[in-house]
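What follows is a set of structures for review.
Shared chain: chain A. Partners: chain B in the first complex, chain C in the second.
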Partner chain A sequence: MANTSILVIGGGFAGMTAALEAAELGHEVYIVEKSPYLGGRVMQLNKYFPKLCPPSCGLEIQYQRIKNNPLVKFFTLAEVAKVEGSKGNYTVTVRVRPRHTAPNSVDLSAVAKGLSGETASEFEFGLARRKGLYLDVPFAFPQRYVVDTACLTDADKSALSACPHVDLAEEERLIPLQVGAIVVATGWQPYDVTRLTNLGAGTVKNCISNMQMERLASPYGPTQGKILRPSDGRAPKKVAFVQCAGSRDENHLSFCSYICCMASLKQAQYVREQYPDADVTVFYIDLRTPGRYESFAEKVLADPKIHAVKGKVAAVAQDKAGDDVWVTVEDAVTGAKSVERFDLVVLATGMQPSLAAQKLPLDVTVDEEGFIVNGEDQGIFVAGCAKQPLDVMKTAQSATAAAMKAIQTVRGR
Partner chain B sequence: MSKTVRIEPNVQFVKELQEVGGDDLKKCYQCATCSVACPMSPADNPYPRKEMVWAQWGLKDKLLNDIDIWLCHNCGTCSDLCPRGAKPGDLLAALRNMTYRKLVPPAIIGEWMSSPKHLPILAGIPAVIFGIVWMIRAAMVGSFFPVTEEGKIVYGNLFPSDFTIDPIFGLTALFVVICFAVGVRNLIEGFKGTVTDTFVIGYKKPTIKEAIIDAIKYEVLQHTRFKDCIDEPADEERVKGHLLLFYGFVACFIVTSIVAVAHWGGKVIPFLAPIGHTPMPLWSPVKILANVGAVLLLTGLTLLTRRRLNLERRKSRSNYYDWYLLGVIWAVTLTGIGSEVFRLAAVAPLAFFTYYLHLVSIFMLIAYLPWSKLGHLVYRTTALIYARYVGRLPIGEKLIEDEKVFVI
Partner chain C sequence: MAEKIGVYFDEASLGGALDLAALMDGVRAKWGATCPVVKSHPQLASDEGRAMIQADIDAGTVDGVCICGSSPRVDWDIYRFSGVLVERVNLREQCVLCYQDPKGQPVVPGATPELLQKMATDYVNMGVVKLQKAAQPGGGEIDVVRRVLVVGGGFAGMTAALDVAALGYEVLLVEKKDHLGGAAAEMYKTIPMTPPYTQAQPTGVEKKIAAVQASEHITVLLGAQLKALAGAPGQYTATIAVDGEERAEEVGSVVLATGWTPLDASYLKPLGYGSLKNVVTAWEFEAMAKSGAIVRKSDGAKPQKVLFLLGFGETLTPFAEKERAEAEAAAKKAESKEEDDAPKTNFVKQVTYKHLPFTSELTSLTALKQAGYVRELLPESIAMIAYEHMMVPGVNELYYKAAQNDPGIMMTKGIVREVRDGGDGDVVVVLEDTLLGAKVEIEADLVVVPTGMVPTTALEPVLNLKYRQGPAFPDLELFSGYADSNYICFPYETRRTGIYTAGAVRQPMTLALTETDAAGAALKAVQCLESANRGMAVHPRSGDLSFPKFNLLRCTQCKRCTEECPFGALDEDEKGNPMPNTSRCRRCGTCMGACPERVISFDNYNIDQIGSMIKQVEVPDDIETGGPRFLILACENDAYPALDIAALQGKSWSPYVRIIPVRCLGSVNTIWIADAMSKGTDGCLLLGCKYGEDYQCHFVKGSELCNRRMANIGETLGKLGIETERVQQLQVAIDDYAIVPELIDKFVKDIMKLGPNPFKGY
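Let's look at the complex of A and B:
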């Protein structure tokens, strides 16, 4: 008889939604999440579409549903190491990296504060530092600290050895699972700005990515929600958004990431809400406002201090004397090429599927960009941005769809 | 945007453009990356984005009167950064090719020069002319490969300059000069209708004389603009190759001029004559200059050909105009060197045949010059002078640093 359990790879919005939909219909579900916490990219946002809720709004409900549903089991710091068998009868080996902290939600903040080793926080996209023992995610789920042994100094190690809630000797575990279907919800990563050589390649001090902007605007972020220039902590007066930074470009990501135009308009609003004097310019190729987002765009662009200019920024450079940023662009409507100075420049980088960089031990095909293109006949279903770039709303829809198909597979219909 | 412009698309012209090297122009989605990436492009109506949209619509008049296609030195940065592989650099090259083809009558030469299928005609004309000369002279001197009593080869004995070489090339040169005069007039007429005067603060508008002197001093002799067009090692090789080739030609031109002036001048002022007497001994300064020219040509050709062969096809493709010119210059250079080597080696049949090929290839270089890529020698220079005169300048780094970019 076929196994009725379902494996969900990825614990972001798509993965959690797919898992809950299946579990709430009576299926045992396993979520395998690579990072220490669930929530994925949505956790890193300040507000998200369509209703501009803070991430806590949607995620805390999901976390509650997971907590209350014994059919959902999840592994963090975990990856799928091996998949054997076929549709209906998969044996999956999950590799769980050690967390080194006790399974109860002990508050280790005092211990963490005492450590000396530091590294850039991945969660904050390098805008903040974290210790070797950390919990850098707001309303984290699971609410547990994690140890990054690579970041510990010798003094840190001896300090942690003395702590009863930390076990530095904990080892990696391999866990076998039996499942009938697999949902792949591996999501996306921001496109690597260091590859955008003409846009400063990440070396221009006050040229940040759109995801960094989300962290700057987040009340849980490195600046407690004040949008400040990374170089000097000054409030920006003139901000530029560079659309399609590495998107719709055959040298980078050949596709449109669907939501970056809206994200920039949303972020323009963050800036304008905080700074009534600030000027914002969005430089675009085509301003893409799918579906009912059109009305949001109209509302934002009605602000006389938010300008939209048709023309792709193709050169970004650091000012020779200060921290300002020079942007070169041609206004394709008026046909004027100009070099303008800005306090802060935000690159609207696109969503690159996570599978572009990391392969799964599954027999599925990805296209040249890293999006999964098949797998359904083998009981493997794709949810969210592993299939195509989506907003959170459509991600949830695709996750529900994937869960329904997975259920049909394991029930044999 | 509110102004209604009636556009008359010329689909035939779009197809022609695609044939002469603009294959991918339809891929452009007007993002304007190219205009920004171009180090030569000015602030006011920059290129090549506007050319891309004109080309998609087939706006022939705008394109053929466009000064900007000549301000482009084809470094290819726009094509490298183009997100769509639309190759704006190649399109501007295609537009220049279109100009070579259409700017100057007779249209039939433009047509012949546009496709390799007409190559037999182009080579056939000089081959027949010099073939007939060879026949007649062979009948007169009694040998197809005449050598002197000491067994030396003197090309002038078979093809005497007084009544074969000089009249043929003299008339050809006159024809070319007249055609260029027509071409330059047509170009300037076109520019006048389309290029507006640009007022840039910090730029003193030159007189036409100053514009000519400066353009020749900087852009032509020093390749200053061309040097601004470097953003990768291959570009450096291209500029170096072009400079070497340019000065190789200058050397050969000086040699030819000395010979011609001394020869004809010698008929009036007798003591000039020996200077122009050929063949010259190898120690003659004029001969040394000629040989230096040959080495410059060879080196330049090697650099430029190697670069073209290594072009990343996804980013840029060479077209027939590129290869015709490179091919003919190779032919001129190799047959020129061959003529000298075989003459010194006293291999009469080979020497005379190589010299004959040398004459044919030189004719192919000079007689069709206004319709070939080498026409840029005149057209680009004209455009550069005009651009200086009206103040159509690139947004230079210097200007940006000084915050002096005020374009009105």
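Let's look at the complex of A and C:
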């Protein structure tokens, strides 16, 4: 008899969807999430294209579904350490790192404020700093603070030792789980801009990535939603978007990252909504707005101050005298090069599978880009961007399908 | 109904801001035997606190638990008790943290401001009465038919059928044609479905057909048509015409996979189709490749140079202009029309050129694939592709690259300016903006123009639902006829519970995505009938055991509930009484909000309950000494969390406001507003989701319907001499927390200018 429980690796949108769809059909599921909170990448987005609606709206529903369904169990700060057995009967060991805070939602904001140690916030892509006791975002789920001991000063440590809701001595735990099938939903990471040498390699002050742009536009981001130049906090007047920053490039990501064209059009709207005088130019090779996104592109490009220019950006460089950015563009049709000055440049960096950088203790094949290419025979199914770049809607379809395959495996018919 | 309510205060959440002893005394004095247990705990959200409550439940001392502390959005895992009703009074976020002292004084522990204490008192009393007026939901279980109807025997339908069958459920697969396979069976090959995504491959449709035929769980009806679908999830009756007779089949849920048909060729006229013999559509070209003979229609010769056109340029503009003008005229006509002229059917045909651009991804991929056919079947010939945007997102970039590396395939950017006869059956195409020059002329032996995919649901109702609201899916015009979801996060959510769409009827999609989509739809179909069996709601209130109950004795057959239900859950008998179909229902309460006679209620959510909560708000007779009072009814999915977050972020709002969460603004009954206003409340604010074309309401129409009702109540208020501005609805998104407090304060300020509610003190 196969074990009918299902393990879901990754607690982002794909993982949560797969877990919930299986649980709502009566299966016990375990979500193992590496970070302190569920929600994954979409938690860092300000709005979704094409509706320009906030991701936290759909996430809140997912969280409610989790709260209302005792069959969904999740571990944050957790990783799969070991997987033994085979399809139908896996024994999984989960390593859970200590959170160091009480398992309730006590408001530790005042305690956090009192700490002195700081580090760059990974959640904000370095655009802000955080303390050693923190909550990523107000909507973080679970709404429980986490301690980063590496960030604590001695004074912080003694302050926290005195706090009844903090336990600095909490230790790592190993938890064994019995499951019949596994869904891998490890998602993606933004392509590392430091590898894009011709595009400034992350050193040009006012050249940011599209994910950083999401944080700047977010009401709970480092600027409370005001899109400002990182160098001087000034409102940008002339903004360029550089498409395919890393994507469609043999030296970086060979595939197209699917979402970046729509994302840039969406971000062009962010800029235009905040700054009625600002000019936006999107430099692209092909404007890939498939299916009904056509209507979205049409709507955005109807704005006379948003220009779509067919051209490959050859270089991005900082102005020698100031903080402006020079963009060198190669016209796709004529081949002629031109140089133009902008005060903010956004790189539409691509989507790299998380497994390009880390390994799972699973016997599955990962291709040279980091996408999982098999596993079905072993009762291991891939959901979302661990398999290929997708938008949110297709991620949900993919996750629901993965849940179906996992259930078929554990029911063993 | 909870009769013995335990009231528990969490000291840790309240930070000493409230006079707990006074609050507890107040509960004891007011509620007496109703609240036999009133306790506080230094850290209620803990194992110890939980154990304390559990002990009271186990001892039989309490049958309802009222927890006064943090928001119900948090610590849900700690306060999960079975067998009793649990209510969370949000004293932390929406009382203590948001408290705004009228004089700007900070709250000092141990010296609770009177207004804050009053607010807490109101909220605690509201929590107690809410429990008092609630009963444990349940009893909605129904027997279900564990059999899924799959409409359409193409790639999507067969995949869904096999996935359902793999779970051990029965499937009835209905196909209109006399054979299975759909469009996939007419294809020579498909674009790559698996890594490394470089080679076209067989569709695999024959294997699927064989698997369907071999499955003991799948019954296939060929040459069959769905004539009618009546009933509800778990208990549908499908009327199917087959072999000259109609038969009734019992099914539990439905997967709609009726696919697509090629777009009317008249849209391709500007590309020379119809006038030039050697201009063919991609779908016609596919048939030629399938037959093994790619030839020119004019002379049967093998083409040496085949050009695939993808960039339409301005050729579609006249169609766009025509449609725009027609839409404007229709809108004007609708405006002047009387309401009772409304169409008797909810189906409107969606005929549009847009199906062509909406198929862009498939037309690009198909051109790449078919250029490969030229190379394979006519090795001496060359293929050319002229495109505006090579629409191959994601991993299909790799397929594009593989084609670029083929020396026999030439690709250029270029939009069509002109297509004309080149003599001898040749076709001359004039392209602009190409990589070869600003304007070039290409003479081709054969030109292939794209095939737009029109969803079957754009052309006919397909499902033929026997629902009071009509035979088709509502809202199809939002998606030009595609049976798609308006929710980015929830692609399987349609407005007809139990019916899930898969494949090209939803969106033009590749076979690879179809395979995925169909598996997901199959899961949802099975999940829905199992939920119906357990008496549970499906998304978004998954697992909710409550459902609307109708006291038909008092029904006046006004039909508001049957018309307004966003999910078409209510039918009507011949007298006009609502006939509920609980398994179609999503438990939003829109019917309850609509009912002027207030005959609709949920066990744990009803008119009396919210009305009683409103009564618990103490409204001072004199605005000068006691201050005004305002009621906020907030959508619990978006506005309510936004308020929580605002408070946690240190924002505050008027202490004269009392907030009650509602399932959806659609569930707001005007009697609540009337009750509040007649007891002297100075204003009512409704906070709900965005409505209109890009609606964000999780129940589709709730916030929109509420807005309409409030317009009506405005008239009534006006007659009573109450200013209509005292009742307002605002659209608030979940991430609007930075501005919600300002919106509340502005509302309060605006109302204050009007002075006190004239009904105050009556």
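We take it that the second predicted complex is superposed on the first by the 407 of 413 C-alpha atoms of A that agree within 3 Å, B and C clash if a C-alpha of one lies under 4 Å from a C-alpha of the other, contacts with A are read in each partner's own complex, and residues count from 1 in each chain.
Note that in this section a residue touches a chain if its C-beta (ideal position, glycine included) is under 8 Å from a C-beta of that chain, and two chains touch if they have at least 3 such contacts.
Computed from a prediction, not measured in an experiment: that's the story for all the values here.
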item: Touching partner for A:Lys320 - first (chain B), second (chain C), both, neither; value: first
item: Partner chain(s) touched by A:Gln378 [first = chain B, second = chain C, both, neither]; value: neither
item: Touching partner for A:Ala332 - first (chain B), second (chain C), both, neither; value: both
item: Chain B versus chain C as contact partner of A:Asn198, first or second or both or neither; value: first
item: Which of chain B and chain C A:Val106 touches, first, second, both or neither; value: second
item: Partner chain in contact with A:Gly26 - chain B first, chain C second, else both or neither; value: second
item: Partner chain in contact with A:Lys312 - chain B first, chain C second, else both or neither; value: first
item: Touched partner set for A:Arg248, first chain B, second chain C, both or neither; value: both
item: Partner, of chain C and chain B, that touches more residues belonging to chain A; value: C
item: Shared chain A surface residues [contacts with chain B and with chain C]; value: 248, 286, 310, 332-333
item: Chain B partner contacts - residues on chain A that touch it in the complex; value: 198, 244, 248-252, 285-286, 310-315, 320, 326, 328-333, 335-339
item: Partner chain A, residues of chain B touching it in the complex; value: 1, 29-37, 41-46, 49-50, 80-81, 83-85, 395, 400-401, 405, 407
item: List of chain C residues in touch with chain A within their complex; value: 12-13, 15, 43, 45-46, 70, 73-78, 80, 92, 97, 163, 166-168, 194-196, 354, 357-361, 387, 389-398, 401, 413, 433-435, 438, 479-480, 482, 484-485, 487-492, 507-508, 513, 515-517, 519-520, 522-524, 526-527, 530-531, 538-540, 542-544, 637-638, 641, 645, 648-649, 690, 694, 696, 698, 733-738
item: Complex contacts: residues of chain A adjacent to chain C; value: 13, 20-21, 24-26, 46, 48, 51-65, 67-70, 102-107, 109, 138-139, 142-143, 164, 218-220, 224-225, 247-248, 254-258, 261, 286-292, 294-295, 310, 332-333, 367, 371, 373, 388-390, 392-394, 396-401, 403-405, 407-408, 411, 413
